[in-house]
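Chains here go by letter, A, B and C, matching the order in which they are written, and residues are numbered from 1 within each.
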Amino acid sequence: MRSFWARSWAAFCKSVCSWLPCKASRTLPALPLEDQAGKGFAADAEEAYGLIKRLPLLETAPLGVKVKIGRFRAPIGVNNKIHMHDLPWSTRPLVISEYLGTEHGNFFESGFNPTGIDLDFFLPNPISETTLEMNADIVRAGDLGLSGGHAGRQPAYIGHLNFSKDWSNEHLLILGVSTYQENGTESTRLYGADLTYRWAPSEDRESHSFVAGGELFSGDRRYTDSLSAQLRSRPFGWYGYIQYQASFWTYLGLRYDWIEDPLDNSQVSRAGALYASYYTTEFLRFRLGFEHRWSDISAWNNTNTGILEVNFVFGSHPTEPYWVNR
Amino acid sequence: MEQIFYLPSTMLWPLAACLVLTGIHVYLGVHVIARKVIFVDLALAQIAALGTVSGVLLGYDVGKDPTAIYLYSLAFTIFGAFIFSTTRMKGEKVPHEAIIGIVYAVTFAATILVLSRSALGPQELDHIIKGELLWVQAPVVIKTAVIYGIVGLFHFIFRKKFMAISFNPAKAENEGLSVRLWDFLFYMSFGFVITSSVAIAGVFLVFSYLVIPSVGGMLISEKLSVRLITGWIGGAIISFIGVKLSWTTGLPTSPLIVVLFALTLILSGIIRYFRIAPDKKSAVGNMFAALAVVAIFAGGLFFFRKAAEDPLEHAISSLTSPIATDRQTAIMDLRAIPEKKEKWLPLVTGRLHDQDNEVRKAAIELLDSLKEVSALSEILKLLNDNSDEVKESAIKAIRDLGDSAASAELFKKSESEPDPEMRTRLLVTSLELGNPDAVLPLIAIVNGGGIFAEDAFGALKDHLPFDFKKEDTGKLLAWWNEHRTRMHWRPANNMFAEQ
Amino acid sequence: MKRSHVLIMLAILFSASNPHLDAQHKKLRVVTTLNYLKYIAAEIGGEDADVLALANPKQDPHYVTPTPRMNQVAGSADLFIENGLSLDMWAKNVIDASGNPSIQPGSKGYLVATINLPVKELPTEISRSWGDIHPQGNPHVWLDPFNVKIIATNIANQLIALDEENASNYQKRLESFRYRLDATMFGEELLKAVGPSAGDILTRKAKNNELLPWLKSKKLDSKLGGWMKKGQDLDGMKIISYHKTYVYFAERFGLKLMGELEEKPGIPPPPKHRDAVIDQIKREGIKVILNDNFYSSEAAEYVASKSSAKVVITYLDVGASPEVDTYDKLISHLIEEILQASK
């Protein structure tokens, strides 16, 4: 009888351990997180960072610098910083998913999401009524799509400069330039430029808006292939989009992507997509999308994709990014 | 013993409906599982619901035009059946399940969209999910039973063909059977059944009746006849228990039966697991491990639940909120629980020193209404408050709670008060608490002839046993000087009187 | 390469001019969310403060999209004033993105203007019907001039706490502002007739709803002027509004709010609700529908076309139109428009 229970207990322990990670796993320190609605903390599956709003020892922050330490979406361009559910599409543009990263898979969620330190500060504006904001980061390289996983553990440097102007909060224009530098036995550089324009009327603002923009990236990668030949790849890619809010509940948009393949620059892929989003309430959104791809790469050529996305929002209404009026 | 089997007569027809559904659905479910397209019935059920809802949107009334609604629902279902049968691709290039899943999601979404345009929206959605089992009556049940009887007969006559195409379509094709045609006939008859069932039982119960009894049967035996019989018996028993429980607890019938089905399935799964497990001991071990995980999960949920907040607890914690309106609301809420006063009184008294004017005012008013004399000394300090409203409330509270010591404080404050109305009020209140020092300043105010002369005059006249006119302040002054030392305050009469 | 990069970054940070070093010798930089706050802060701050408002006065104050310009402007602010009561919740995003430690909640440079005010529609259990849009009570407090006096006092206190040197200036301007507001509210003649502390006395009477009887008993009712006199024509008037904006205005001037055109906050009303409102208007003889300028007037126009009510497009914030470039004009305009429409 005793041995029966002893063996059952052993079986119990074994089956529990087969379900849970019994080895200590590497986790990032869970640092305090920012909540969008301002009522406590929200956990984000991708990012975990601490935002230091008051620097120690200094009474005031020079240039209004904000420091982020942890894991966060890198400020290369505009698109990479924004979470998937906040974008007006269901997929990332090709140039983002191919050049910046694919750690969550090619199709839906991707982009560059490293660990490191980010400094965010304002520069004095040379032209009045405009804003210059700069990000300077040191991050651990390795996951950038362009590097093809060859970068290793050396540090990478990111710089991003934003120039923006708004007219009575009805028209907003943001222009940005970014750079990513990673040097080592294999070096990767990325240069980007982005533009975003948004318009919304002051009156009846919830029912009309228009957003347009795009980004372009030029990459420069030096690496050695399996035959020890020194190779250099300089791919170029861009995307452009517009989105129009037709009514209080509906948004319509178009996007066009164009990229050169990172490994073989002569292979060009293009994608055109149409999207329609419908909000039943601020807590529930339906989105239909259709994308067609043309590509020199046969696996991607003439593929059609249909997308249905349903988004539920839990909790009270947070302030959205520029894209939408909800 | 009779108690256990008792059902009121109103529940008999719902039970009958369940049994009718059990009969046909268990049989059809066997086919559905054999075809490995489990979700087709869920999707078809949802399509039927969309049909109903579209009928409603186009003006038909569920109660008044049941035939029209039924026909709409049927039309949609047949159309859906047609789509499913034509998209069953050979070689499964796109898994049929994917198409069915998409159809289900899109149909549900479309249903919501259609309902958002209709005034009855939320009720209809509720109806679709929960069905109307509790209210189903004889005509509907009998009509359904007849339809199902015909469908059942159809399937019985052609059972060999239907079995063939469900269980071994390749072989059937080879033997010259037109699989597409019989597929279509299958789905069509299926559609008739689904349409009626969804109207009665709701989408999810229909799905459950189709799938769960026959899965349960599968766990017990591979033989078709055994599966059918266990499905029928099991379905009938669960239906009975579900209907009875629904009647006693008041929970909606359809979802309750679905959950009961699930529980039974888990139970039979466990039984089967034990029966076929080669190593019984490790089976027991795994059982306990599974139970432990469930217990930890449930325990965790329970542990981390938000404690149902006792209004007293909630109000006390809100008293220290950084938001002023929360503190104010807390004080107002505490007014409703005077019986627990000992717990919150010191905290509210503490709020007399709050940063926010309105909170201080609310605290004063609460303490005043409860006649809390113990708070008087703190309230007296508020005579020097920045805010007029707080001062006003404080003066009123002091009037209600105060005594002659308080009246001296009031008088003292009046000497430094610049606002003439406040000053007059302080003096009048001081007088009303029996302070003879207030008389002379009040006479001075009457003499001054300003707008508050009336008020001062009224107060003096009411509380002094001397009749005089407003112009006769000289006479009053003389009288007062003479009688002053003999005057004592009589609280009972609210007047000064001669000793 | 790496070390010099870091050194360069640090050099940039520490050599940047610290905007707060010379705060004592320069004007205070005040940033407010809404324009009525800017108006009041400018009146109190005078030459000692530079005041800026972030929101466009024509736009809905609930849903302003923070732009980089706002973040940067807040970054160099000494005092940040928001309305609070969950109206301008976007202010938190601006404060966070500004990187300015002196305006973070809890510090002297941060002020919620609506403290010390009698807030209406506090969320007790009974009135939770409005969901999340006004969870701390109705925030549109500034349409009652008495509340503006309290807000002015709050702002003055905060300015004095930040800049003690100029405390007497702020105090003087506050008193002058309160006096002018009282004069506009009651009329100069009445203030003079009542004598010292007239404004405070009359305000207390008005708040206790005993102004007119009190004036009558003191034989001063003929001397009443200003908004309170004009408002006598508004007393008891039934109106419908699009959003629950006018609770404080109605309390002060005696309007009866019979309902809202908006069924759920932020969402255009469905036809069923519009028709119910039309019925209500006909039943109760309502003559005026108030529609804030930033809401679509489509529903209101429809309702007006099917009944005898008239639509009044109202401005909520100072500067929303050239006619309402001061607070006084904001209230006067509102009173006039309602009176006109009700004729």
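Before moving on, here are some points about what is shown:
As a working rule, a contact is a pair of C-beta atoms (placed from the backbone, for glycine too) under 8 Å apart; a residue touches a chain by one contact, two chains touch by 3 or more.
Computed from a prediction, not measured in an experiment: that's the story for all the values here.
Summed over C-beta pairs in contact, the chain pair with the top total is A-C. When you average the Cα atoms of each chain and compare centres, the chain farthest from chain B turns out to be A. Chain A and chain B have Cα centroids separated by 38 Å. Distance between chain A and chain C, defined via averaged C-alpha coordinates, is recorded as 38 Å.
Those residues of chain C that touch chain B in the complex are listed here as 85, 115-119, 122-124, 136-137, 150, 194-197, 200-201, 203-204, 207, 217-218, 220, 272. Residues 119, 323-326, 328-329, 332-333, 355-358, 387-389, 392, 418-422, 450-451, 454 of chain B are the ones that touch chain C when the two sit in their complex. Residues of chain A that touch chain B in their complex: 4, 7-12, 14-16, 19, 278, 280, 286, 308, 310.
By the touch rule above, chain A contacts chain C in their complex via residues 34, 38, 51, 53-55, 59-66, 119-122, 124-125, 129-131, 133, 136, 138, 155, 157, 162, 164-166, 168-170, 172, 174, 183, 200, 202-207, 248, 281-282, 316-317, 319-320, 322, 325. Every residue of chain B that touches chain A in the complex is listed here, in rising order: 102, 105-106, 109, 112-113, 116, 281-282, 284-286, 288-290, 292-293.
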